[in-house]
Amino acid sequence: MQEQIFELQYAIDTFYFLVCGALVMWMAAGFAMLEAGLVRSKSTTEILTKNVALYSISCVMYLLVGYQLMYGGGYLLAGIENDGAEAAADLVAGVLADSAEAGFNGDSVYSDASDFFFQVVFVATAMSIVSGAVAERMKLWAFLLFCVVMTGFIYPIEGGWTWGGKPVGFGDFELLNLGDIGFSDFAGSGIVHLAGAAAALAGVILLGARKGKFGRDGQIYAIPGANLPLATLGTFILWMGWFGFNGGSVLKLGDVASANSVAVVFLNTNASAAAGAVSALVVARLMFGKADLTMALNGALAGLVAITAEPSTPTPAMASLFGAIAGLIVVYSIVALEKFRLDDPVGAISVHGVVGIFGLMIVPFTNSDATFIAQATGAVVIFTWVFIASFIVWLLLKLIFGIRISEEEEYEGADVSECGMEAYPEFTK
Amino acid sequence: MQEQIFELQYAIDTFYFLVCGALVMWMAAGFAMLEAGLVRSKSTTEILTKNVALYSISCVMYLLVGYQLMYGGGYLLAGIENDGAEAAADLVAGVLADSAEAGFNGDSVYSDASDFFFQVVFVATAMSIVSGAVAERMKLWAFLLFCVVMTGFIYPIEGGWTWGGKPVGFGDFELLNLGDIGFSDFAGSGIVHLAGAAAALAGVILLGARKGKFGRDGQIYAIPGANLPLATLGTFILWMGWFGFNGGSVLKLGDVASANSVAVVFLNTNASAAAGAVSALVVARLMFGKADLTMALNGALAGLVAITAEPSTPTPAMASLFGAIAGLIVVYSIVALEKFRLDDPVGAISVHGVVGIFGLMIVPFTNSDATFIAQATGAVVIFTWVFIASFIVWLLLKLIFGIRISEEEEYEGADVSECGMEAYPEFTK
Amino acid sequence: MQEQIFELQYAIDTFYFLVCGALVMWMAAGFAMLEAGLVRSKSTTEILTKNVALYSISCVMYLLVGYQLMYGGGYLLAGIENDGAEAAADLVAGVLADSAEAGFNGDSVYSDASDFFFQVVFVATAMSIVSGAVAERMKLWAFLLFCVVMTGFIYPIEGGWTWGGKPVGFGDFELLNLGDIGFSDFAGSGIVHLAGAAAALAGVILLGARKGKFGRDGQIYAIPGANLPLATLGTFILWMGWFGFNGGSVLKLGDVASANSVAVVFLNTNASAAAGAVSALVVARLMFGKADLTMALNGALAGLVAITAEPSTPTPAMASLFGAIAGLIVVYSIVALEKFRLDDPVGAISVHGVVGIFGLMIVPFTNSDATFIAQATGAVVIFTWVFIASFIVWLLLKLIFGIRISEEEEYEGADVSECGMEAYPEFTK
Amino acid sequence: MKKVTAIIKPFLLDEVRDALGEIGVRGITVTEVKGFGRQKGHTELYRGAEYVVDFLPKTQIDAVVADSLVDSVIDSIRNAASTGKIGDGKIFVTEVEQAIRIRTGESGEEAL
Amino acid sequence: MKKVTAIIKPFLLDEVRDALGEIGVRGITVTEVKGFGRQKGHTELYRGAEYVVDFLPKTQIDAVVADSLVDSVIDSIRNAASTGKIGDGKIFVTEVEQAIRIRTGESGEEAL
Amino acid sequence: MKKVTAIIKPFLLDEVRDALGEIGVRGITVTEVKGFGRQKGHTELYRGAEYVVDFLPKTQIDAVVADSLVDSVIDSIRNAASTGKIGDGKIFVTEVEQAIRIRTGESGEEAL
């Protein structure tokens, strides 16, 4: 009967992973809608294409090499293959042995396949952050080539150093082990969000701003997003998907402590997002005199990013406070980045990068296992690696193929030049 | 081993709550899309802002005071905090003691945090009902102030009387206990939906109709919604989310009887919605000579609201019948309300209020624990309290700040005056 | 305690079915958005109405007769009614007896209601395939009448032969038993998708192409879809929902082998879709010189359809390969069908029919229980029955009521003639 | 015949159409336009950055009428379209040499 | 030079353009307009309430042509745009004093 | 008074407006139009099938100005709207008999 209990626990934990993974996959739709809503109508097909393609490429690349680099799961998922259907009896025996070793309240024992499924959707999340920031002016195929490198190599290597437990460095050259020095990033404020933002920043710097975004004498012009219902839908999708993102990162459901932890994570994730939205709405009202919907949306996302580094230890009240601060930071950050003439149509660098760092730095307030110095070290390591590696890749792409569409193509819209297809052929003027 | 079984049961029940809660949270997106689709394009940013903000405010207010008022869960969730991560051993011991006391087939033992998460999304649902009815003419900040009071006080107090088991009245003044007299409202046809509609009705009365909705000589003019795909999407989202709304209200999954009940609830919820959509479509065809999509959508929602008061006892055939009647009622109700010159752009008062009452009154047909008189009493209590309390709050807001935008602002669209931002800046003429 | 374990297993398996069923229900929204995005704005309300109505009618008809015809579940679900709440003790006793007989690792024992819920959403999926192919020119009510017959009779009879285990034929006339000869269709590449496509093809042939689609001298004209963000959203929704479609088709979660199988199914489903999208995007780039978003979307769906016949036995690498081939097939098929002057605005016949057959035929490569001859036989049986039965029904409808709107109505758009309501009244020119 | 072209505030279209109907104008053609004039646009903020909306939505009405009707058409439009606020718009009159009804081939004032 | 302005049913635009091309008109400008005339709009129901669609979508074609072409332009348009049903539209002819091609500065009939 | 009608490439609208403002034109009316001319459209592929985009988006500017201003208006537009590429557009000049400001009733050049 103990075996049956272990089997049930395995089933529950596997299902929990799959449900959470499906929610994270759903975030791909959220990013697609958010970005499609915040760009102009003439660049909408292209951003949609990028989002569909980047999700797909992430899945392919992570399956080919990424999972191996990050967790040693085998090229082409060679490791998972074996515990497929063919050797069901072996599988059960293996699981029961693992469960017995781990103990009922020990580490989670669950399907390798569910683990890959959960991990792969995180890769796509990191990559989705990039597409928004470089929207409306980057060549589609250059972006997709970058996507191949980012999801197959840059992210998995970084992920290996952090969640994979590998030491920072390559081969024999090992710097330090982030886990050992007390770096803690529960669901990836740094590992996923800051990483995505770092890659985006490198791209934005090399790409330059959209034509018409900045005037010659430092003026900053607004380029309103074409479809705010889509942007709002995208934010709600992301909000929902984030329950899987953070909730699944507890990694186990099947005992009282774990289940309670998952519940606390859901609660805190929601509280932080809500507080972020309210605070960004109020801050924008005070700063601009109007209730800026897009800032409220960014505020909710900022709350989500901020709590992601540690959603399990804060009290709900503290989670709300963290979210509220994140909502404030994101409004200022968006305005400030434009002052530096960095053009990020959807605010991705602020939401995921600036707030991602904030999220890392507040972990020690509620989680005594983490230290400020280790958090800062982790942030620097992640940012440096992803930024430099991305910069080099973008630069090579720029030199070899060019990464920016021509001025005329930009005027006509990336949709026509990159996809030959308008997103709303009957509506736009 | 009994303990491990209890732990698994706790984990399952907690996860079930969280999944259902995430689905109900998703309903916030549904309301946002439904309402954004049924208003004019010039009021779309504003309704989106209201929906994002009301969900967020609901979460903040319910965390601050609402949960305490309704269930005694502690201001700032002080109660939940304690069973956070710090005292994991205590938590496990407590859970096991509770489980032992309740017994395997007894009351559900699950995470407090998951309970809050599930309850908080209901508050937002009640509030979402209001935003649609007052759309296109109400000041944003007046609405948000009302939202603070509604989600922090009016709803929690009413919820305390019904689901919270508290006697109707305040302090020492206690009228009656609705639960004791046989009032039954499984998932909230009355407690959530009628309550929301009562608040909406009070607002609509004080606010008046949109300019151009009614002619001087009693003519009723149509103001078509700007984006029917969004409205349809919103309805599908609500339909999906409702599985969590009703399914989660069984409150336990982890034994045969409960699990079967959850399954029956899913089945009946779906059957009622489907029958409601078909019936409203046919009724509208007969009345208007055309297949009115918006009525079919309202019919599906009416089916959902009607079954919400008792989705676990009807046979699937009866659930379908109830849904079909609800679909019929909602079409007539929408037409009738306009005769009374009540302008409800999305039909919220009909769908949630009129059909909410219908839902309450059919409970005794399939659930012998409920009586017609108790159901009627419950409906009257809920409506009276929420309507009067809301009326007073709206009135105060009207006297102090004004609740209605100016005629010119209404002509230009609430988007420009309230948010300074068009929803579709490139499309509209 | 063994009983409690069985109860937990029952609860888990029931919940797993319900979650997967809710995901499949969500696919209805996916089809609605996909189709609404790929038709012209003037036919959008009508396609939305069709989608809402077909889902609802499917639920009603399957409840009335379909479930009885397919699985013998009783007209009006008479079978399920009995295990409702009234006889909870009987229910528990029955379940425990079943579980004891099946054994912990034996067949799944779960709620009948959850089974119906999971099955009913499949019916709607089959029917959704049809609406897209006949879009923009078919009379609404003729379509809905067809829907009644398809979901109440044509599909359930076919489903009885395949998943229901009934012999092919009617009454005493029995041809062969598909299961016995080694036909295997895990989640329905043939049973659901090919069936839907066969009904669609019959409709398309009798209906003819949209005015303006083909020139007199064989020219093929493009009729671009009006709203590509909607089409993309719809694809993501379908992708997400498909985890329920395939994942739920394992039919059991609650032991190690089943849970692992579910996880493998999720992983392979995702891998195949991703590879399909990438491959279709690349193929379209090579063929047309542009990154065709709509082909990438169709490619993802093709990957999903292809893997549906057997998602549990391929390795992830093989699943990716199958998806990639499906993505290639779908692009060629869409182009080829137009050469035959078959007008399918959303590509449904290619995605679900052509790729559905491909999906059936690759099963023997990874599942040794299936044979090519049996797979081909199954495909022929399904196609023949559904195509002929549908053709007769469409023909009768054509002779009695007419199935096509008039040329002028088509010019003005089906929205005005069929629904009296524009989808985007403020935007279109 | 003359063509009277009026640029008006969009929300007054129905009033103007009714006023013209009353004095016997049986056909008008309406175009959505953007106007730039003395009435200034406004500055909006989007995510903290400014943008100027300097073209305002206006509605252009073209009515081709018999010479004899021109004055009353102008008066009617002025009455119906005037709010007294800046941006009420303009009326321009131009000569039309010929008018033909496509359906019948009638020409001149017959065709109006 | 004359400007021939035709208000036609939108779905006949391609026919008219082709017809004009055949007789040598090399440029036209097309505007989406709403027309109000003898052809009556229709009443729609939305959620049980009526609304009148009284402006019908029309397409306006402007072609500036040499005086000598005017008659054949009118004939071409009439042939291509006539369905014989009410609402087929009108053709108006006005005098154009000057035409300039922006790119080259050519003027007069050269510029067309 | 004359009406100067210019059909230009849409992205040059702001330049033209500024140029006209500089020489004292205080009001213009802008219409989104589709142009068909020497500048050819392009063929697009959608799901493997071709479609021809033969009407190109253009912007029409109407400015009614005093006779004395006509030449400088034409020059300004040409300067601002010329890219030297085909499709830069046309300028047409027509006579306007009367102009009235709706708000005040002023007429003639006063009204502009």
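Letters A, B, C, D, E and F mark the chains in the order given here, with residues in each chain numbered from 1 onward.
Going forward, a residue touches a chain if its C-beta (ideal position, glycine included) is under 8 Å from a C-beta of that chain, and two chains touch if they have at least 3 such contacts.
Computed from a prediction, not measured in an experiment: that's the story for all the values here.
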Touch-network distance, chain B to chain F, counted in steps: 2
For chain A paired with chain B, centre-to-centre distance based on mean C-alpha positions, whole Å: 32
Inter-chain centre distance, chain D versus chain E - centres from mean C-alpha coordinates, in Å: 18
Separation of mean Cα positions, chain E and chain C [Å, integer]: 48
Touching two or more other chains - residues of chain B: 1, 5, 8, 12, 19, 224, 227, 233, 288-290, 292, 294, 420-421, 424, 427, 429
Chain E, residues touching no fewer than two other chains: 31-32, 44-46, 94-95
In contact (per the touch rule at the top): chain pairs: A-B, A-C, A-D, A-F, B-C, B-D, B-E, C-E, C-F, D-E, D-F, E-F
Chain D-touching residues of chain E, taken from the complex the two chains share: 2, 6-8, 31-38, 54-55, 58, 60, 74, 77-78, 81-95
Contact set on chain E toward chain C in their complex: 11, 32, 44-46, 57
Contact footprint of chain E on chain D as seen in their complex: 3, 17, 26-31, 64, 94-103, 105, 111-112
List of chain C residues in touch with chain F within their complex: 220-224, 284, 287-290, 292, 294-295, 331, 334-335, 338, 347
Residues of chain B that touch chain D when the two form their complex: 411, 416, 420-421, 429
